[in-house]
Structures are given as C-alpha cells and as structure tokens.
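I have a structure here, written as structure tokens, and I will follow up with some questions on it.
Letters are used for the chains, namely A, B, C and D, taken in the order the chains are written, and counting of residues starts over at 1 for each.
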Amino acid sequence: MKLKTLALLAGGATVLASCATGPGGTHREAVRLMQRDFKPVGIATMDRLKQDEVQAACNQYSNNPPPDVAATLQKKQLAGIKWPADGKLLGNWKEGEKIAQRGRGMAWNDKPGKTSRGESNGGSCYNCHQIGPATTSFGTIGTSLYQFGKARGYSEGVQRYAYGKIYNAKAYNLCSQMPRFGHSNSLTEQQMKDLTALLMDPASPVNQ
Amino acid sequence: MIQTRRTITLGLVAALGAVLLNPVRALAAWNDGAFKARSTMDGMKALGISNPQDSSDIVIRAPEIAENGAVVPIDVTSNIPGTTSISVFIEKNPFPYTGSFEFAAGAVPFVHLRAKVGESTPVRVVVAAGGKFYTAAKDVKVTIGGCGG
Amino acid sequence: MADPMKIRATLQGDVADVRVLMAHPMETGQRKQAGKVVPLHFIQTITATLNGKQVFAADISQAISRNPVFAFKVKGAKAGDKIAITWKDNTGDTRSDETTVRGDS
Amino acid sequence: MRHALMVGLAAALAAAPWLTASAQTEDEVNAEFEKFRAVLEQDNPAELWEVKGEQLWKTPRGPKKASLEKCDLGLGPGVVKGAYAQMPRYFADVDRVMDAEARIVHCMITLQGYQYADLAKAPFSSATRTPDPVSIVTYVAAQSEGMKFAPPQSHPKEREAYALGKEIFNFRGGPWDFACASCHGLEGKKRIRTQLLPNFADPATAIAAVQAWPGYRMTGGVMHSLQWRLTDCFRQQRLPKPDYTSETLSLLMTYLTVNASGQTYKGPGIKR
C-alpha cells in the first residue's frame, strides 16, 4: 500500500524529483542522458536525438498543444511540403499496396532510402490503418482508410489532402502519431504518389 | 485424402508392417527414408503404415490458430487398447514426418511435443495398435504477425 | 558439450508424469547466418528408462522446435524410482540425465 | 507468412459485415493464444537458462576466480530471493539506479574482474549463444517468482529515476517522431497489425511491460532480457542505440516497473 502511494506520488507529476529543476529541467536532463548513453548505428545518427520544434512542442504539451501554438507550427510544416513538379498526385495503386504492407526502413541496419534487404523503404501503413479489404491483420492506431476516396469523393482537393498528409502528417495535426514520410525523406515522391493512388484511385481495392 | 493413400499403400503392409509392431525401440534405425519423404503418403509408405482406419479414439490437442509457428504445442492421446506407437505428420511441412513415439508396457500412450509448423496444415497422427493402424487429424492455422521494424 | 536436460517426474496416482526440457539448437539446415547456411543439427533419437527398463522411445525430425520439450506418462511408477533419459543427435553428440520420481505435491 | 495472420478467417470475414466479424474473431484468436500460452509456460525452455544461470552465479569465475555470491542486488551481499522484484533501485557504491542485469554486470566487473567492453561487445542472445549475464539474470529473476513488484521509491535518486524514465518514455524523436509512448502510451485497446498494445503508462496494464521478462522468445528460440527488449524498442523507434546496461535503460525500467508496483511477477516467461 505504501509503495502504491509512492508510485502514485511519483506518477502524478514530476513533482518530487524535479522541484529543483522544474518539469522542463527533467526533460532536458533526460535528453542529456540519452545523448550521453546512445551511440550511432549506421544511418541512425545522433542527430536523431535532437528534437525539432514539432517534436519539442509535442513533448512540452504532452501531445496536446494550445491551438495557437499548433496553428503556427502546422502552417510552417504545410509550407515545407514539396508538391510533385508535374502536378500529378496519383501513381500506381498496386505499388502503393506493396509500400503500405512493408514496414521496414530507416533503422540501424537499413541503408539510406533502402532496407537492409535492398527493398525500397516501407510505409508501414497497415501497422496502424485498415486499408484494403484483403488484409485483415491491420492495426488500429490510425483511422480506417477503407473506402477513403469513395467516401470523400475523388476531387483534386482530396488527392492533395491525401498526398500532403502522407508527406507531412504534422501539417494537419501537429502531434499526430503518424510519421512525416516526405519531410523525413523516408519515402520518395513516386512512392507517396503510389500510396495516394492506393487511397484515391477509383480502381483501387480500397474504393470497391 | 487418406482414402487414396490407402489403396496405394495397401500392398506394402506385409513387407514393412512388422517392423513397427515390436513394442520398444522397434524403430531400431532412425528411418531416413521416412524422414526425407516429401509427402505424408510417402512417409507412411516408408514406415510401412498402410490402411489406417479413421478413429475418434485418438485425441489431438493443438491450437486452432498457433501464435508462433516456431513452437506449436501438440498433445496426442490414444485411447485405443494395445497402442504401441504414435506417429506424427505435419502434412504441409517440407518433410511431413515429424516423429514416432513408442510405448512399452506401462507407458501411457500419450505424448506432448512442440514442433515447427511452416504454414497452416493438417496435423495427422497414426497410431499402431494390435497390428493395425488408426488415424486422426487436426487442422492448425499458423500466424506470424507483428511490426515491421 | 551438450548442456544438461531438465527433467521433472511427478506421481499422479501410480502414473509418473515425466516432462523434459532439452537444450539443443534443432537446426533445420534451412537457416542462414551471416549469409551461410547453418547445417542440419538435430536430435534424432530419445530413449527413457524407468529403473533401467526402457519405457519410452522416440525418433524425431528437425521439425521439432529448438530446445525441445516433451512429456510422457509412465504407469506403475513409485516415488523414488529413477527416470533416465538419453538423446542422440545427427552429429553423434549425446546426453543422458536422470531424475527421481517425486510423490504428489 | 508475415501477414498471413488470421488469413484462415478470410472466408468468415467475407461473409459477414467485416468490421464486426473482425472484432469477434479477434477475441477468439486471443483466447486461443492465451490458452496455448499457458500450455507453453508449463514447460518453459527458460528453465534451462535458470539452471545455467544458477551455476554461473555460484561458480568461481573470471580473472579474480570469484563467484557472484557476494554480489549485492540490493537486499545484501548474496541475497537473490526477491531481489529482482525490488529492482531497479539506487546503489550508493555507484551512485545511480541500476536494474538487475546492470547490477549483475557491475558485479561481474568488480567481483570477478571481467571487462565491460568484453561483456558489452555482443550482449544479446543469438541462435547459438546466450551471453552469461542473460542466463544469470534469468536465474535471479526466477528467484522472485510469485512476488509482487516493489521497486523502492524511497531514495531521492529513485524518485528522480522515475521522473527521468517517464521523460525517456515520452521522448519523441528520430525521423518518424516516435516515442515509447507512441505505441505503449495509448488509451483504448489499440493494435499494431494484430498485436495488442498494452498501455504502460496506465497502472492497470503497466505490468505487461515487465511481466514474462526475461523471456524465452519462440521466434528464433532464444532467451532475452529486458535489456534486449528495451534496446530493440529504440531500434524500432529509429533512434540510435543505447549502450548496454546504460543508465538510460535503468531509468526507463524504473518508470515501467514502478508503474507495475503491487502486481505479481510470474517469473521468466515465454514470448512470441
């Protein structure tokens, strides 16, 4: 019982430990220790432990930033999206399906833009989303994308939203759990077009 | 499926059947031919198993859906009097014949084992008892899910 | 040298429930390590005796899981009886261990 | 094979409105997993490493030819019973919080004369090799089976460790902006693919972070400890790699174990 109380006290906030430093101080100390204790492996270099302003804000506000902070940062993220120069947003949904299924890339043994097996990076989409009807082993962290285009219509505006969200989810929802695949150079422009087609091509199984 | 096997293997009874029926260590030599067989049928043939009768007195306990194909727990109990051996075939594995378990007088015809199962498959069991063969099967589905990392 | 087995034999009435864990890689000959195929390496035969008399034997393939686990039951056993188990693999390596049957707990 | 999960249920799913069908069958599948998990736990190959670990603990080894029987896991030199359930904890001799494996490695260095660099070179199990500290921590953990997790929070450094561990748990970084909490701090029964994601920040489900570790992993048939599991989390987060037995890992373990305080430890387990 006593332990439980202590755990609750400690868990309630960083109160006990950080009275000297304040919550921000605890965060800074944790980051300092991580930077001391971690070593780079291959493409996973130490700069990955340096938070950008989005990551820092989401940590600072426990993923629930005040609206004005969110709006300002989202605007900057949106402005950083590189739209395809040819103006075309839809690639090949069949390729998109493969990218959505694959979950590898960007980790210790992977290469820039390639997995350790030599494939192009995956989008890990099914890890978190329901997408095509044939795959029943989908995750539920993200919303269901089944019938994405059919439900929203196939307009260019929706295409832009889909492509933009894949490129930089934080431009639309600052502390989304979804990676910024274009912003982080995890996926190529063609791969993001293929994924957009998976969601937006009327012929894609997603929209049947 | 077993029906077709029955007709094919029928002729081999006399030649090979006797080998299996000695009570203990009947499989005096590890049966290379049976273990290298690519199908359940060929494995049975090499072991001299023929004409197995379907039997509800063989109880197979195995997961309907296995969490990890690397370790699939299988329990086999034979309620057939005079059982001397239990043989296990994982039909869709590259080499279906997985093993034979022999019981001397006193041993209860039961075995628990854990096997690698490559894909969803019937697990077929053949029991030798009183000079005859009996069989039962249970389907096991194999899943390997998880994150991409 | 092969690592020891862990054997448990517990009486339930006059039946000894024998459970054994074996430390063995059970290599299928399919697995690759650092680009090279790891050769077949698996237990082929197992025998078990009760007070020196053989009661159980098995011939197995490489499809048995790594670090094999088996259980079987011996009727007519008494507390204090000796259960001995021996395995032999395809490289000729072998290991024997024994345990004493324990009464109902 | 990877996404063959529940493929056998495809027929059922096609026949029914598939969201509801999926929810039902998912529960059934999990019930089946649970049932056979219990079968597998009954005879867990982890016991082979308990035996080996006990031998390693008691045998004089290393350049100093000493056993680990003078190693202080927090309850006094040589006391193993119950020690694992009460770690991580603060150790004055090193002035930091240490988890069980970090402490064992510390003892191997100070008492037996091993070098950290040698122990840290390949600290995790492969198909053909289980490092000694992994066997030893399996033995030590088994001596807390059936006890309640009770990592102390009385020393200021232990409370600080909890607070720092919480920050590490929530730290978002790397190219994909992931934190431990991205998967394991979510409310509601979320999944990755079909894997349920227990919320380690919630005391009701936090036990899942530390239960069944050290664990025999069916994939590959190897024995792994929490040091390995947490290190692998950072790999999946696409972050760099934490040093073996580093303070960062002990801090994170403090956060996870304190959240599980009061829950019963079932001993070394079996993992998918």
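Going forward, contacts are C-beta pairs under 8 Å (C-beta built on N, C-alpha and C of every residue); 3 or more make two chains touch, one makes a residue touch a chain.
Just so you know, these numbers come straight off a predicted model, no measurement behind them.
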Smallest number of contact steps required from chain C to reach chain D: 1
Comparison of B-D and A-D by number of C-beta pairs in contact, larger one: A-D
Approximate Å spacing (C-alpha centroids) for the pair chain A, chain C: 49
Distance from the mean Cα position of chain D to that of chain B, given in whole angstrom: 37
CA centroid of chain A to CA centroid of chain D, Å: 26
Chain B and chain C: spacing of chain centres that average the CA atoms, whole Å: 19
Junction residues of chain D - those touching two or more other chains: 3, 5-7, 43, 192-195, 218, 220-221, 235-236
Numbers and ranges of chain B residues touching at least 2 other chains: 70-71, 112, 114, 143, 145, 147, 149
Residue numbers of chain A (touch at least two other chains): 107, 127, 137
Complex contact set, residues of chain D against chain A: 3, 5-7, 9-10, 13, 18, 22, 150, 152-154, 156, 159-160, 162-164, 166-168, 170-179, 182-183, 186, 189-195, 197, 203, 234-236, 238-243, 246-249, 251, 258-259, 261-262
Partner chain C, residues of chain D touching it in the complex: 42-45, 47-48, 51-52, 126-128, 216, 218, 220-221
Partner chain B, residues of chain D touching it in the complex: 1-8, 29, 32-33, 35-37, 39-40, 43, 192-195, 218-221, 232, 235-236, 272
Of all residues in chain C, those that touch chain B in their complex: 15, 19, 28, 44-45, 47, 50, 53-66, 68-76
Complex interface listing, chain B residues touching chain D: 63-71, 73, 112, 114, 118-120, 141-147, 149
